[in-house]
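Some structures are shown below for you to check.
Look at the two complexes coming up: chain A is in both, with chain B in one and chain C in the other.
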Partner chain A sequence: MTTNTTVAAPAGRTLTAAAPKRRQRKSSYPYWFYLPAALVYTTLFLVPTFASFFFSFTRWNLTEFTWIGMDNFVQFFSEPALLKGLTNTFIYGVVTSTLKVVLGMLLAVLLTSQIIARGYLRSVIFFPVLLSSIGVGIVFTVLMDPSRGMINEALAVVGIEGPKWLTDPAWALMSVAFVDVWKGVGLATVIFIAGIVSIPQEYFEAAKVDGASSFKSFWNITVPLARPATATVIILSLIGGLRSFDLIWAMTKGGPGFTSDVIASVIYKQYQAGFYGLSTAGNVVLFLIVTAVIVPLSMILNRKEVEA
Partner chain B sequence: MNTTPKRRWPVIAGSVTAAALILTGCSAGGGESSDAKTITWLVDNTENTITYAEKLAEDFNAANPDIKVEIETRPQGGDGDNIVKTKLATGDMADVFSYNTGSLFQQINPEQNLVPLTSEPYMDNVLDSYKPVVTSGSEVYGVPVGTGSAGGVMYNKKVYEQLGLSVPKTWDEFMENSRKIKDAGIDPIIQTYQTTWTSQLFVLGDFANVAAANPTFAEDYTANKVKYATDPAAIKGFEHQEEAFKAGLFNEDFASATYAQGLEKLVNGEGAHYPILSFALPEIQVSYPDKINDLGIFPLPSDDASKNPLTVWLPGGVYLPKSTQNVEEAKKFLAFIASKEGCDSQTEAVGANGPYLVEGCDLPDDVPAAVKDMLPFFEDESKNSPALEFLSPVKGPALEQITVEVGSGIRSAKDGAALYDEDVKKQAQQLNLPGWN
Partner chain C sequence: MTAALKRYGVGILAIAVTVVLFVIPLLFMALTAMKDRREANKLEFSWPTNFALIENFQEVLSARRFMLVTAFINSTILTVASVAIMVILAAMVAWVLQRRRSRWNPLINFLILSGLIIPPAVVPTIWVLQGLGLFKTLPGLILIEVAFGLSFCIMLFRAFISTIPRELDEAAVIDGCGPVRLFFRVIFPLLRSVIVTVIVVQSVAVFNDFQHPLYFLPGDANATVQLTLFNFQSQFTTAYNLLFMNILLITIPPLVMYLFFNRQIVAGMTAGAVKG
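Now for the complex of A and B:
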C-alpha cells in the first residue's frame, strides 16, 4: 500500500521548489502536448472521481439509481460498525506510522554505520516490502494460530503462553498492525538511510572534536537534519495506515465480529453486499478524512523544514 | 504507399470471414450429427455441482443427440453474485444458468432479465412447495436442480450410543445432553468462526421454530412489522448461541477453527454436535466415505417439544435468460432437468443428499443416515419450514459477523439481534420495499 504513494509526496515537494523558475522560462513545447496525458488523467481519474461524488447521493444497483440526497451519509454515519472502524483506523494509522518512524530511524542509523555485511542486512530489511500483502497475511495467519501456530509454539518452549493473536478481540488489530510494521519498515528505513547519508560528514566530525557522545550527535545532528526524511515517512505511512485494507482483509476480515474493522473494510463489505451507493458514499468520506488529516500535517511538517 | 492501408482492410475482413466459415464448417463436421447445436450452462464451481452438471449434460446429450450442453463455471459467494448480475446486465449470459432461489433470486431483476416458464408443460413436474421461491410477480422462472437440504444440528451417532443419549426434543434436553458429553471429555458443540458463515446456524436454523410460534413472521418481517430484537420467538436463536457460549460448551479453538476442521472433529467423534447445513454431506462422503453413516441430524430444538420442526433449504434453480438465442434447445434441457431421468442422473453422479423437488423422483435405499433422519420432516409439511431467506427478500449481509460476536461473548444476544435489525434495513431500502423508508 505504501509503495503506491511513494512517488506522490516527493514529487509534490519538487513542484513547489520548481514553481518560481517555471514562470520565468517559457515552455518550448506547445500546449497540445498535454493532451494525451490529460485524456488519460480525465478518463481514469477525473471522471470516476466526480461520478463517485454523484453516485454517493444515490441508491444505485449498477443499472439504475434513485437520488436520495444525503441519506447514504446519514446511513453511513449511523452504521454501528463505523464508529469502531473509525477509531480502529486512527489507532492503526498512528501505531503503524509511529513504529515505522522509530524503528526505521534506528535501523537506518545501524545500517549507515560501519558494520559487517551492511549491504546484505539492508536488503534483508527491505525484502518484506517486495512481498504481496495477501501472501504475507495468509502466512502470518498460519503463524499466529493460537494453538498450532509457530509463534505460540515457540513461546511455549520458553514457558510463555502467547495471546490468541488474531482471535482475541483485544489483540486482533494490534497483531495486524505489527505485521504491517514488519512489512513496511524496510521502506521507511531506506528513506531514512537516504536522509542520513545526505547529512554532511563535517557536522559529525566537528561534534566529535567538541567531545559529543554518539548519543548526543544522534540527537542533535541526525534527528533534526533528517527531518525531511521523517516528514516523508510520517506522511506516507499515515496515508497507508489510514486507508489500509489488504492486510486486514487477508488476516481477520475485520473480525472477530467487527473488532478489527477499519473504514476501508466496512466500505468493502458494503460493496460486497451490493449497496453500491452506500459504499461510494463511504469512499467519499474516507477521501475527505485522509485529506483532512494529511493536508494540514504535510503543511506543518514542510513549513518547519523550511524554517530549519 | 498511401493507398495500401486502405486496401488492406477489405483483405483482412475477407480472410477473417473465410477463416470463420472454415472453422464453423469444421466444428459442425466434427460433431456426431451434422446439425448438432451447442448450448451453454453456467454453474458454480463446487466439485459437487460440476460433477452432477457434467453427468446431466452427458445424459441429456444421450437422449437428444442433436443438442450438446457445455458447462461454464463461476465462483461462489459474493463474487459469483456479481458475475451473474453483470452478465445479465450486459446480455452476456449463458443459454441457461444456475443460481440461488429466494432472496438472492429477487435481486437479479427476474421480470426484466428472465423468460417466464409458468405455462411450460414440464412445470407440472415441479412440486408446488418449490414454486414460490422462483416466482416473481405472477410468473415462475426456474426449475429445481439438486436436492433440498436442512439446517440443523449434525451429530455423531457413535458418541450418542456410547453415552446412552437420545435425540433431544427441547433446548433444555439439548443442553443436558451437551453437559453429559462434556463430562465425558468430548467437545459438546463444534463452532468454527474462522469460516464466518458457519456461525449463523443457531439463528438461521432456528427459523422453523420462529415460524411455528408465529406463522405470519416472514410476511410481517418483509413489511417491517416485526423485529428480531423484539419478537420473543425470533430472538431465541441469538439467546441460545449466547447461552451455549457462556456454558463453555464450544470446542476450545472455536475462534480459529475452520469449517473443514469442524467436519473433521465431528466425523472423528472429537465433537458431538455441529449446527450446520446438510450441504456438508457430499463433502463428508468424499473425504470420509466409511464414516458417513455415523452422522445424523436433528432440528435445532426450541422450548416446545410438541412441535420441533426442521428448517429446510430449497435447492437452487436453473433459469433461462432473455438474452439466449437457443430458446427451444434450452427449454428441452430444462424439461430434462425437471424429470425423473434428470434426478436419476444427479443421484448417479453425486448420490442423493436430500429429497428432490420434482414429481416421481424417488431416493435410493442406500442414502446416508443423516438423509434418512431428514426425510420424515420433509414429508410432513407441518414439520418443516423453509429458511427465512426463501420466504422474505430481506436478508442482512452482516449476520455472520454479528453471530461470531454473540458466540464469542463480545456482544450480548439482545444487542446482536438489535444490530441485525439495523443491518437488514439497508437491504430492504436497496430493494425499495414498501414500509422501510
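Now for the complex of A and C:
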C-alpha cells in the first residue's frame, strides 16, 4: 500500500515540476484545508467514540468514574428489558429494510412504466421523506388509536376488526415499523427509479423481440441490473433502521412496558435515569451491531457487483 | 387495447391507493388543525363545521410564552449556521482529497465512511461538550450538526469535483493564484449546483433533527421546533387541534423547500444509486 502511494505521488507532482523550486514544495492543494473539518470531526465525533469504549466499562456520573469491568455489558445481555431492545433492533431493522426494498422496487417499476399521473404519484410518495419523524409519529398515533382511530374505523367498515396497534404488545413494534416504511419508502423508490432509468432500453427491447413476458424481463433484466440501487437502499435503510429512535420515541416510548424498545431508546432511557455508564455501554453495543451488519453486507453487495 | 387498459387502469388504481394511504393522512392533519378543540378531539376525518384556523394559529404561537416563536428562531439559526459551516469545510476537504494523492487518503476515506455508519456516542459527546463549555448552548449544537453531517457532504462534493478538469486549477496557478484564492475564487463558484443540493438536503435534515437537540440542547428556552412538538405532546393531549396546528406549521419549511428544489433534493438523495 505504501509503495503504491510513494510511486503515485511524484507522478501527480510532475505537473508542477516545471515551476520554480519554491513552488514545488508548496502544493496548490494544501493539507491545512483539512484542518477545520478535522478539528470539529475529531473533537465531537472521534474523541467521544473512543471515549465510549472506555466509559462503557465504568460507573460514571460525568465527573467521576469507577471501573467495573464488564458489568454494564453483562447487565445489558441479562436484563430482559435491555435484551428485548437488542432483539427488537434487529427485527425493526430487517422488517423496515425488507419492506422498503420490495415496495420501493415495485413502485419504481410502476413509476417508470407508461401509466398516467406519474408526476403526481412520485411526488406524493416521496413527500413524507421530508416530514419530521415526530410529526408523522404523532399523526399516526392518532390514526392508530384502537377504538376511535381512523384506521380501525375504516377496517370496521369492511368488516375487519383491526388490532390494537400501538397498545398491543404483539403489534406495537410492527406498527411503528409500518409507519417507518410509510415515511421512508419514497426515498427507496426514487433511488430505484434512478437505477432503473440507467438501464439501457435496448435490453428490454431485445427481450420483447425474443418474446419475454414483462415479469421475465423484470426478473432477468431489471432486478440484476438495478443491483447498485438495491445495494444502496439495503445499506441506507439498515443503517437508518438499526439506529432509529425518533419514530419509536414519538409513538410508543418503547411501550407498552418495554415491548417496543430498541437500543437507541434504551440508551436514552438509561441516560435520563442517570446511568451514564450503562447508557454508554448501549452505545458501544449499537456501534458493534451496526458495524457487524453493515461492513460485511456492503462488502458482499459490492463484490458480487464486480463479478457480474 | 391492453396497453391503454394498463396505462389508465393501473394508473387510476395507483392514484386511488395513494390517495387513501398518503393524501388522507396528510389531509386529516390539515383538517384537524383547522377545527375547534371539541370537534378535533373526536379524531374524525371530516370537514370542520367551525373553522378555527386563525384562533388555533394564535394560540399555538402564544402558548408557553411564545415558545414556538423562540423555537423557530433557534431552528433557523441552527440550520443556517450549521449548513453554511458544513458546506465550506466539506468542500475544502473534498477538493484537496480529490486532487492530491497521498498516503493519508485511505485513512481519510475510512474516517468519512465511519462518519456515515457509526452511531454517535451520546454521553461521551456530552462529556466533551461540557469540557469545552458548549453543552446546552446553540454553538455547541451547531458544531455537533456539522460534525455529523460532514461525511455526507464530502462524498457529494468529491464526486462532483472529479468532473471539474484539473487544467482549470493549473491555469489559475500559472496566473499566480495561491491555494486560498484558487479554491474560493475559482473552484467554489463552480460547485454551485452541488452546493444547492447539499444545502437543501442538509437543511431539511437539520431542521427535522430531533435526537441531537434532545440530547445536546435541553431546556425550554433553547427548544428547537421538533422539541416543541414533543413538549406540546404531553401538554396538548386534550387539544389535538393545537398539536396538529403545530405539526402543520413546522411542516411548512420542508414543504416550501420541496416545491422549489424538488429536483436537487432527489438528486442529492439518490447520489450513488447508479454507481454504487
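The rule is simple: the second predicted complex is superposed on the first by the 280 of 308 C-alpha atoms of A that agree within 3 Å, B and C clash if a C-alpha of one lies under 4 Å from a C-alpha of the other, contacts with A are read in each partner's own complex, and residues count from 1 in each chain.
Note that in this section a contact is a pair of C-beta atoms (placed from the backbone, for glycine too) under 8 Å apart; a residue touches a chain by one contact, two chains touch by 3 or more.
In this text the structure is predicted, and so the values were computed from the model without any measurement.
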item: Partner contacting more residues of chain A (chain B vs chain C); value: C
item: Which superposed partner A:D145 touches (first chain B, second chain C, both, neither); value: both
item: Contacts of A:K269 with chain B and chain C, given as first, second, both or neither; value: first
item: Partner chain in contact with A:P80 - chain B first, chain C second, else both or neither; value: first
item: Partner chain(s) touched by A:T259 [first = chain B, second = chain C, both, neither]; value: first
item: First, second, both or neither for A:A206, with chain B first and chain C second; value: neither
item: First, second, both or neither for A:L62, with chain B first and chain C second; value: both
item: Which of chain B and chain C A:S52 touches, first, second, both or neither; value: second
item: On chain A, positions contacted by chain B and by chain C; value: 62, 145
item: Of all residues in chain A, those that touch chain B in their complex; value: 59, 61-63, 66, 75, 78, 80-81, 145-147, 164, 166-169, 253-259, 269-270, 272-275, 278
item: In the complex with chain C, residue positions of chain A that touch it; value: 1-2, 5-6, 8-9, 12, 15-16, 26-31, 33-34, 36-38, 40-41, 43-49, 51-52, 55, 60, 62, 110, 113-117, 120-121, 123-135, 138-140, 142-143, 145, 148-150, 182, 187, 190-195, 198, 227-229, 231-233, 239, 243, 245-246, 249-250, 264, 267-268, 271, 276, 279-280, 283-284, 286-287, 290-291, 294-295, 302, 305
item: In the complex with chain A, residue positions of chain C that touch it; value: 3, 6-8, 10-12, 14-15, 18, 21-26, 28-29, 32, 42-45, 89-90, 92-93, 95-97, 99-106, 108, 111, 115-130, 132, 143-144, 146-148, 150, 154, 166, 169-170, 173, 177, 179, 182-183, 204, 207-208, 210-211, 214-215, 225-226, 229-230, 233, 240, 243-244, 247, 250-251, 254-255, 257-258, 262, 265-266, 269-270, 272-276
item: Footprint of chain A on chain B - complex, ascending; value: 78, 81, 85-86, 89, 107, 109, 193, 196, 252-253, 255-256, 397-398, 401-402, 404-405, 408, 410-411, 419, 422, 426-427, 429-430, 432
